[in-house]
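In what follows, chain A forms one complex with chain B and a second complex with chain C.
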Partner chain A sequence: MSLWRLAWRRFCRDRVGIVSAAIVLAYVLLAAASAAGWVARDWSNEVGVSYAPPGFLGRDTVQEGLGEVIKAQPRADYGIPDPLGAELADIHANVSGASGRDTRAKTLAFGGDKWGRDVVQKAIKGTETSLVVGLAAAVLATFLGTLFGAAAGYRGGWVDDFFNWLYSVFTSIPYLLLVLAVAAVLDQKGILTVILILGLTGWTGIFRLIRAEYLKHRVREYVLAADAIGASNARRVFVHILPNVSHVVLVQLSLHVVLFIKSEVILSFLGFGVGVDTVSWGSMLAEAPSELILGMWWQIAAATAAMALAVTAFSLFTDAVRDALDPRLA
Partner chain B sequence: MKYVVRRLWQFVPTLAGVVLLVFFLFNWVGGDPAYILAGKIANPELIENIRRSLGVDQPYWVQLWIFVRQVATGDFGVSWATNERVSQIFATRLGPSLTVLLPLLITSTLLAMAAAMLVAYWRGSLTDRAIMIGCTVGQSISILVYILVFQYVLAYQLGWFPVQGWGGTLGENLLRYGALPVLVGVVVALAPDIRLYRSFFLDEINQDYVRTARAKGLAEGRVMWLHVLRNAAIPIATNVMIQIPGLLAGAFLIERFFSIPGIGREVILAVERSDFPVIKAVTIYVAIATMIINLAADLLYKALDPRVELE
Partner chain C sequence: MSLLSVRNLGVGFGQVEAVKSVSFDISEHSTVALVGESGSGKSVTALSILGLLPETATRRGEILYGGRNLLQTASRELRALRGAEISMIFQEPMSSLNPVFSVGFQVGEALREHLGLSRGGARRRILELFREVGLSDPEVKVGRYPFQLSGGEQQRVMIAMAIACEPKLLIADEPTSALDVTVQKQILDLIAELQRRRRMSMLFITHDLSLVGTIAEQVIVMRQGEIREQGSVAEVFGAPRDDYTRALLACRPPLDHRPARLPTIESLAPAKEERKRGLRGDEAVVLEARGLAKRFDRVEAVKGASFRLAKGRTLGLVGESGSGKTTLGFLVTGLHRASAGEVRFHGEDARSVPRLAFKRKVQIVFQNPYASLNPRFSVGQILTEPMRIHGIGRDEAERRSRAEGLLAKVGLPGSALFKYPHEFSGGQRQRIAIARALALGPELVVCDEAVSALDVSIQAQLLNLLQDLQDEYAMSYLFISHDLAVVKYMADEVMVMKDGEIVEMAGSDEIYAEPKHPYTKALLASIPK
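Take a look at the complex of A and B:
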């Protein structure tokens, strides 16, 4: 029976693992649906009034009549018809809520933000951003770490020295400081930038583990046998050894998704992450301080809940995968 | 001694690498700093002047030499944003950082050790599993949420602590302004620390010497507090040591929210203002500190555990 089927069987016995895998899958499907535009497509529409409270609280929780402040003022027009008059009157009527045409909801399912956007839709869209960043950055970091680790561990010699030197350089700068320094230099926001920053700085841990695995496997009999039948170096590294260390790669990939999701939230919160036209859990949290002062807790609650569930599920899923693939540890 | 000298020699290539990396980032990837400095109303003459004074009109190897000289002399010039000397910035920001970090590190380590020893002793029990699940969930919540909620509830609503600020005397800072930041830091640090230290304790609890100690009739308290604790403390001490440099720069979120004039807040400000000299200096200094502390951690490990052979 193959390693993978054995691991699958062990995984199926792990009830926590199954539940967390289901949650992770649900998140991935949600993010995919959001990316395809099936859900939360209109997250940026101002569907509710400003700071619309959650429906279950009722509409009395915020001061009514915020619109009173911006009542239409009588203006002198010197007899010249205002070209924007009709539109302005419309806007004033809408803001003050006087016209029956105000379609903006007074309450939303889980509240609205400053512009009256639905917090649930924002959280779903934020899930897409955060998952995409976490997964893509983790894939990039894992790819780099595995490649460098394989090269260093398998080749040894000056290649090993070089990558060890690179490793010691990158690890002598604390991770978040390095991320911030790169963010300062690039000075441009966007999902791709965040992915590159996190991926290019986050490969060190994977490198160390994969290098150790290759050092161990390089002298095993099956690799020597492959050498004896004339397999090339590249074939030995990628076809023979890589499948035997792939469980380490997989676990590291999953671990780094969690790490990068957390880092993205901090970067976006500080304003060095995704752009203003994108929503992520971090940018939702960034709006929270001014909202909390006014007593609006729903946006921070939504972002925290969405993130906590995703990260907890991912962590437990990682643990379950590791236990399934490496039963000696359990 | 020979070991220390050899390790110190190994600093040279690593530090050279850090210098190269920082140089590559800021002088090559970062683009022309003159445009940042000249601001919005720039004329070609001004830009040319700034370029000359910074030396960026020189070839790359001359610029690298300028940077190496800065690192060697410890003189990184003045901040682009405030014209304060970079060395002066560091001298004044280190104190507040340490005022928060040292109590934070000591409290969180002691609490995490106590909790980890308890759950490791009762491993597999309901308490153990409840605390472990609590740690997993607690770890999944962003540090931002802890800071925001604690600041809002404990300081803003209940008024137990000042919302933010920093005073003049050490006592005032430590007891009045530093209390809430330390509390938040401890809460955030507890979850991952308990998980890690629990594994250290579990490694020791299953050893033969523990069984021997029990077999010869020692009280459980003596076995745990004397035999197990001493051995588990070795990896814990090393772990605490290597956390320090990361904390120095990593506490920036706490320092920013509570307006503590420390190094972390300085890093954030520098990144926001594209204040390259400050970021460069922080990176180099923290890298040097990391290398020294790693060496100290290894020596401490050797001092605590004579079986360890340093090679």
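Take a look at the complex of A and C:
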């Protein structure tokens, strides 16, 4: 029985691990469904009135008048009728489609945002964004960290010196400052940018761990034995040593997913995250301060609940994976 | 009159019963040796006497000492007993000493704790103890840290600590297995002398039956948690009643003659025919080393080694830890690059031979079978990988059937192909490692302490296997070991290495009969008889 099968058996015995794995899986499926357009495709439709309260609170909680602010009125300046007025009205009617202002709901199941968008739909779409960012950035950072760590630890000498120098440079700059600097350099808002920012700055911790593992493993007898049968350096690095340090890689990967989900939230909150045309938990939270002053708590509640559950489940899942892969630590 | 009686002691860890209903007595002023291979339960027995078993262990029976059952004594009372009346010497002196305190402080701790001595009084006592255990310059050594002492000196400090409070019972758990042979002899003599002089009782735990004769009066042989045989040394050695004891006594390679096959647990009958060793002088030379040297930063690990390896013969390489024998083995196999000198393979400079072609002909078997097999590879992958790298066999199916053949050669079933290393015992893993070396059909195999990590009974099986393979394939061996008896049995020629230098080299019978170099003499004198 291979070590992977043994690890799987240990994992199956961990009840907390199984439950958190199920939750993580549910999130991933939800994000996939959202990406495929099966759910939350119409998240940007303005289905309710502005700041539509949750249905269970009743509509009285919000001043009726707020919705009127954005009501489109044909302009009449200096008595001259707008020559494009008729066309604009047409376009407006087309754009707002079936959910035109007359059909806007007074309340939504869990409330709406400033533009009357359903916060549940937003949270689902935000899940997709946040998970994609977290996973992709973690994969990128882990890939870089593992590659650099393997090169530095296995090869030693000037390669090791170079990567250590790079590591020192990256870690000597305060993290948020570094992230903001990269964000400023890339100067483009969007999911890909956020992934690059997080991935390019987040590899350092993984690098250190993997480098130490390679330093330890390259003088192990099984690696010497591989050398003795003529295995090339690349084969020793990737075929022999990598599977033996892969538990470290996997645990780091899932730890960084959590870390980057949180980082994305921070970035979006600060306005360096995803663009205005996308929604993420971070951008939902960014809208929250002004809403909270007015007493609209449902958007922050939706984002927080979605994020807290995801992060907690992912963290517990990571712990279970680590215990299963490296039983000595358990 | 017995000082300590163990009655039906049973210790279990979860489902595993480590010790099953063991009974024995240790009488006053005598030494009892507890002998067994790894996993026999000997250390667990010792730990239960001291009350040092983990909380999770289940224990049955009783251990009577001074009218008390130690298994039911409160831990506070046990602590007062430990160190003062019963003390212990452990196997690894380096890991038993705390690296951040001076050795004087650590010995003094026991004195202050149990005897309530003042600082000055403790210091005087420490100096006395250090003199008693034969540490040179005790005034200097008191302030030294563990890493500044050699292995033998560390063990002397441990012994000083153990006898500091004049215990009635000393438990020595493999006190010499981590030490070199020459040091081992000194430490054994010291322990035996201290036991006599201080009239202590001693429980001496070892896996090496040959150590027992010189030190103990009573012997207990354990296997798999049970006592197989106990009695006086004369009885057990002279007329062993138990098959296992008999096997343990017979499996060690004898020094005075050389049977063609070693007896094993399965076939105890000693071989009638003898094996002839030594070179005729007309053998082809497979590999020649000329002035090989290796330098790591400031340390010269190997200084100008020159020797020849004859076809189908075994060259033994003997030396203590740190003598450079493993480095020399790595230089020969090309795992290390030499700082100076050259390796000639069939008369050709090995550096001009293509890397893969050289590796194919020169293989190595490592000491630790737990470390030398990749734990993520199945045995099938381990055995077919060298063939794939060297393009042996037309396709995967052919390589697989070859791998099966190799397994059969080393005495493992074909079903082993689909298993992983951790599913095998140490001896079986070493067989897999040998099969891997054979996969390429090498002309020379370096055996770097290939049987040293194994129990005596397994050792004999593997030595027989290596010999059979040599007879069949006419391979040459460079046989590296610290174990002089094993080298004498296996080698045609023997080199003795000390501090990176080859100090003596001669035919295997010659060197054991008439050693010339003083170091060789010292080595041979320290073989336990």
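Some notes on this structure:
Methods note: the second predicted complex is superposed on the first by the 293 of 330 C-alpha atoms of A that agree within 3 Å, B and C clash if a C-alpha of one lies under 4 Å from a C-alpha of the other, contacts with A are read in each partner's own complex, and residues count from 1 in each chain.
The rule is short, and it goes like this: contacts are C-beta pairs under 8 Å (C-beta built on N, C-alpha and C of every residue); 3 or more make two chains touch, one makes a residue touch a chain.
Only a predicted model underlies this, so the values are computations on that prediction, with no experimental measurement involved.
Partners chain B and chain C, brought together by superposition on chain A, fit side by side with no clash.
Here chain B and chain C are compared by how many residues of chain A each touches, and B touches more.
In the superposition on chain A, A:244 makes contact with chain C only, while chain B stays out of contact range.
Taking the C-alpha centre of chain A as the apex, the lines running to the C-alpha centres of chain B and chain C meet at 70 degrees, rounded to a multiple of 10.
Within the superposed three-chain model, A:307 lies in touch with chain B and out of touch with chain C [touch as defined at top].
Using the contact criterion defined above for the overlaid structures, shared-chain residue A:265 touches chain B, although it does not reach chain C.
Touch criterion not met for A:277: it reaches neither chain B nor chain C. For the three-chain overlay built from the shared chain A, the minimum Cα spacing from chain B to chain C equals 5 Å. Residue overlap on chain A between its contacts with chain B in one complex and with chain C in the other: absent.
The residues of chain C lying in touch with chain A in their complex are 330, 333, 335, 355-356, 359-360, 363-364, 366-368, 371-376, 378, 385-386, 389-390, 419-420, 422-423, 433, 436-437, 439-440.
Looking at the complex, you find that chain A touches chain B at residues 165-166, 168-178, 180-187, 258, 262, 265-266, 269-272, 281-282, 285, 288-289, 292-293, 300, 304, 307-312, 315-316. Those residues of chain B that touch chain A in the shared complex are 13-14, 17-18, 20-22, 25-26, 29-30, 136-137, 139-145, 148-149, 152, 156, 245-246, 248-250, 252-253, 267-268, 270-272, 274, 276, 279, 282-283, 286-287, 290-291. Chain A meets chain C in the complex at residues 1-3, 220-222, 224-231, 235, 240, 243-244.
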